[in-house]
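Below are two complexes that have chain A in common, paired first with chain B and then with chain C.
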Partner chain A sequence: MQIISQLIINSIIAGAIYSLVALGFNFIYGATKFFNLAHGVMAAIGGYIVFYFGITLGLDIYLSVAIGVLLAGLIGYGSDKLVYLPLRKRKASNMVLLVASLGVFTALQAIIAILFTSQFQVLYRNIASQRIFNIFGGSITQTQSVILISAIAVFAILVLLLKYTVFGKAVRAISDDEEVAKIVGINTDKIIGRVFFIGSATAGLAGILVGFDTGIEPTMGLPLLLKGVITAIVGGIGNIYGGVLGAFLLGFLENFGIWKISGEWKDAIAFALLILFLLFKPQGIIKR
Partner chain B sequence: MEYLIHLAILFAIYGILGVSLNLVVGYSGLLSVAHAAFYGIGAYASAILLTQSGIGFFSSVLFGAITAMITSFLIGAVLSKFRGDYYTLGSFGFNVIIFSIFLNWQGLTRGPLGISGISKPELFGINFSSNLSFLILALLFLVIIYFASRFIVNSSFGRVLKAIREDEKAIQVFGYNTQYFKLAIFVISAAMASVAGSLYASYITFVDPSSFTLMESIFILAIIILGGLANLKGPILGALFLILLPEVLRFIGLPADIAAQMRQVIYGLILIMLMLYRPQGLLGEYKL
Partner chain C sequence: MKQSIKIIGVIIAVAVIAVGYFIIKKEMASVEPIKIGATLALSGKYAYLGEAQANGLRMAIEEINSKGGIGGKQLVLITEDNQGDAKQSVSNVSKLLNVDNVDVMLSAFTHITNAIKDAVAQKGKVMIYTSTVRDIAEGNPLFFRDYYDAEDNGRVLAKLVRNSSHKNIAFLTEVSDQCSQLEKTFNEESAKFGISIIKKESFNTTETDLKTPILKIKESNPEAIVVCGWRHEHVFMKQLKELGMIGTQTFHWVAPFLPVADTADMRSIFEENHAVSSWYWFSESNNDSKQKEFSDRYQKRFSIKPTGESVYAYDDIYVLAGALKKCDADKKVKDSNCIAEQLLKTDYNGAAGRLTFTDKGVSNRNTTAIVVKDGLWKETPID
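Moving on to the complex of A and B:
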């Protein structure tokens, strides 16, 4: 019984992290319709900025987190302005955008490694001071409960933003049809720039939270991104509700999967789920 | 001199990988990032056979190629149902799954420890243990594979592939079973990649899973995109350039670990710059 409740908690935490990554990924995909593979590296950027300000410079940890989220967002915004926007202007195909994002990912990840070395780092200054809560025999750390709350908060904010603001309406119009949105006078370049900012900032937040939970390394972005992509596709690509559903489905499947098979197969389980969905239900759980 | 020969051998191996991937990406328009998986299958097949049985190098090449063909047949059967960026994502997934198998099937691959002590090729009493003779062998394989792919792309089979790339629907109307063509070229290309893997295993005398990650697939993709898609000489030029690039970095005197990361930064920037200014690569005849 104890194992079961621990597994459920682990699944929910994993689901929360994946949904944070997938929310931003889906948000960007919805507006631009291409797989932004550089999305994961924004998580690593967020984590390392908190490491730099919070640990190296010793700034207040909440302030560092705010700077981390903001800068991750700005770098995402910059990647759109410098790379993706010129490509979209030239009507480049999705493949070109995908390869370009692969380039952004490779370059940024290596720059992080040059600045901070490839070593594994922890964000927590004093790991022993973490409080641990018990729920039905399973334990959950303070950081993990923050992860869960953040995921719910980000989800709620994005939904409200999309539903009730002018900006949200513009984003929905662009994801329906960018050309038509342009014709009715929406400044699509500006809106998509903001979408990149928000999406990358949530990825940054995800990276920071993972950093507090387990730790950071320059290559942390790729596994997070891949889980985010799988989650997004399984849930229904471009649909932020589906992304959250997919995230928890993947979280549960992985954690209950490794209960029976060894833990190293986690990634293979995740991709097997992706391929099954691509084959039999390519539109995902919730169709756009 | 010894060092130049070493670089030339690496060039031959990556030349084979580039030429074979170009058949899939350049000529058929299927952006696959699973090439390192087949490269790895060849390497492991040779490594296991050469260390654990009396079978010679050339039989192990054949065995590796057959294993790669069977695996790629199964993978390709799934992948050829997809188009565009979904194809890429699916191939992403398979690369990760195959990598997990290299890492976790410890009974066969010895997992992260890798397999060492792989012997050098021997044929009719000629021993290819000196680097110069190995270089001649590797170049010989490169030439054979180069001419094989030239034969393929100039044949009627190759013309159908190009037609699929340009307009899959149209060629289907003419009664061609495009899935069969996509699958066939994928299998051929995988067999060629496995030959490169066998050469690599026998040359380095050691294999471990870290040589066959997704990053390796991205590197091979960078070779052919830089050299030029759908041009036979493109991958050769790309391989030459990207093999020599790290040496230039060493020449300027960067420390080894920073030079390795700097290389990644440059690969990334090359991909971005190419997508922005020359999406067909240096010699390419097809734009993504």
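Moving on to the complex of A and C:
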């Protein structure tokens, strides 16, 4: 019973991390219709900002986290204003935007490595003092609980935002048809900018929480991005409900999968799931 | 008559110029520096290792040059930054070999050395590399490996498990060449001591979530866990604690290798779990005067503490210098075969201890074992 409980908890924690990445990714995709590869580096940015303010400068850790989330959001917003918006104005294709986002990803990752070196860093200070909770015989740390709660909270906030706010309605309108949204008077550039801010802030939060759980390094964005993209596609690209479903499905499949076979097959399991869905259910679990 | 004098004059002039040219060329050759090329990770993830190596190389070369070099020839170090990337190292080495025309090559890391070995072999140059893998050296008589050895570490870990009287253990390993080699010799040696591996789990080198593999190990209820994953020690020990497995003794391959795994926090977990680690150079508790003297000089020169990489690099230059001096006496200072032949005869008492090479160019560096006591890594006996 203890083993199964722990396995389920491991799966839920993994699913929660993936869903944080997928939520932001899907939120941006929903509005812009392109795969923003720079989404992954926003996670690293969030982590490193907390490292700088909280560990290097010794500021209050909660304040550092707030700064990290905010700055990740601002950098995402900045990348839209400086790179993607000019391209959209020139009617650039989604392929061009994808390549541009890869450029943003690479450039920002390189800057992080230059500023902070490529050494692995951790955000936690004292392993011995971390609180561990027992749930039906399984263990979950305080940080992992925060990851789970954050994933649920971000999901709830995005759902409420999209459903009940004017901004959310504008996002949905742009998602349906950007041209028509412009015609009816929606300032699509402004709304998309805010979408990038929120999506990137979410990615930043994911990176910060991963940093507290396992650590940060400049290249941490790519594996997170890949898992986020897989869950987004599996769940239903552009659909935040689907992204969360896909994330927990992946978390469970990976952990239960490597329970049966060796741990080195974890990534293979993830990509096998992606290929299966692309072949047999490309619209994902939940259609847009 | 006048024409004959002119012709004789021209001939004499040409002869003087020719003799002068050859004399000057011979003079230049006799003082031409000996170029040592090094492809090192001076930036990127492994920069702290690459910089340490570069410092050790520079310190040794400065000392040798200040004493007259090799028969009057200065040693010149030409470094290229490979950023820890194999592809980058290939272009580094192309430049070092074809543009800089280095006489000897130095390299580090298995993936880097594997990427460049063919280019170096094609140019017939001697290469000294630091990597836990010996087969690159064993495959070429001009290649020499000076570093701690993955296979030797496997044997040492088996002895350490035997010393703690554990019989049923779990083995957790990253998927890599080094760990395959370590696992092979660990299995062979532990079989001699009646140690059974009741569970083996592996993970990819990029993985940071080891909870489920650790959980599988927990289910098998081993007496101890042997870990081969130098990149993951900080993650492994943290997650071991989270899953309530502190108390199951762990045996590690170079546990404090990365700075993130050698913090005060990490040491306290290692100490709490009575963790034992193989190690590859002197520990903080070592009082060897030669090592201490090297450490003091290094810190004075570079304002940081040396690592194993710096002291090995330092010794390698002295060993190379010894070989070059002997070849220089035979006017073969740039002859790779002569250099290799002399290196094989090495018996050097360096800053990191005695250094000799096997007939296949593999060094004999001792593997030690360390444990944390009162917050410091201290040596513990193996046999």
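Here is the rule we use: the second predicted complex is superposed on the first by the 288 of 288 C-alpha atoms of A that agree within 3 Å, B and C clash if a C-alpha of one lies under 4 Å from a C-alpha of the other, contacts with A are read in each partner's own complex, and residues count from 1 in each chain.
The rule is short, and it goes like this: a contact is a pair of C-beta atoms (placed from the backbone, for glycine too) under 8 Å apart; a residue touches a chain by one contact, two chains touch by 3 or more.
This structure is a prediction, so every number in the text was calculated from the model and none was measured.
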Since both structures carry chain A, what do chain B and chain C do when superposed there: clash or fit?
clash
Just checking: does A:80 make contact with chain B only, chain C only, both, or neither of them? Give me first, second, both or neither.
neither
Which of the two partners, first being chain B and second being chain C, lies in contact with A:113: first, second, both, or neither?
both
Look at A:6 in the shared chain and tell me whether it touches chain B only, chain C only, both, or neither; answer first, second, both or neither.
second
Which of chain B and chain C A:275 touches, first, second, both or neither
first
Could you say whether A:226 touches chain B, chain C, both of them, or neither, answering first, second, both or neither?
first
Of the two partners chain B and chain C, more of chain A gets touched by chain B
Between chain B (first) and chain C (second), which does A:93 come into contact with in this model arrangement: first, second, both, or neither?
first
Which of the two partners, first being chain B and second being chain C, lies in contact with A:264: first, second, both, or neither?
both
Now for A:214: first (chain B), second (chain C), both, or neither, which partner does it touch?
second
Contacts of A:14 with chain B and chain C, given as first, second, both or neither:
second
Chain A residues touched by both chain B and chain C?
113, 117-118, 262, 264, 267
For chain C, which residues are in contact with chain A within the complex?
43-48, 84, 175, 201-204, 206-213, 215-216, 218-219, 231, 234-235, 237-238, 241-244, 258-260, 265-266, 268-269, 272
Chain B touches which residues of chain A in the complex?
34-35, 83, 86-87, 92-100, 102-111, 113-114, 117-118, 222, 226, 229-230, 233, 262, 264-265, 267-268, 271-272, 274-275, 278-279, 282
As the complex stands, chain B meets chain A at residues 31, 78, 81-82, 84-86, 88-90, 92-94, 96-97, 100-101, 103-104, 214-215, 218, 221, 225, 257-258, 261-265, 267-272, 275-276, 279, 287-288
How about chain A: which of its residues touch chain C in the complex?
3, 6-7, 10, 13-14, 113, 117-122, 124-128, 130, 132, 139, 141, 210, 214-215, 217, 223, 255, 258-259, 262-264, 266-267
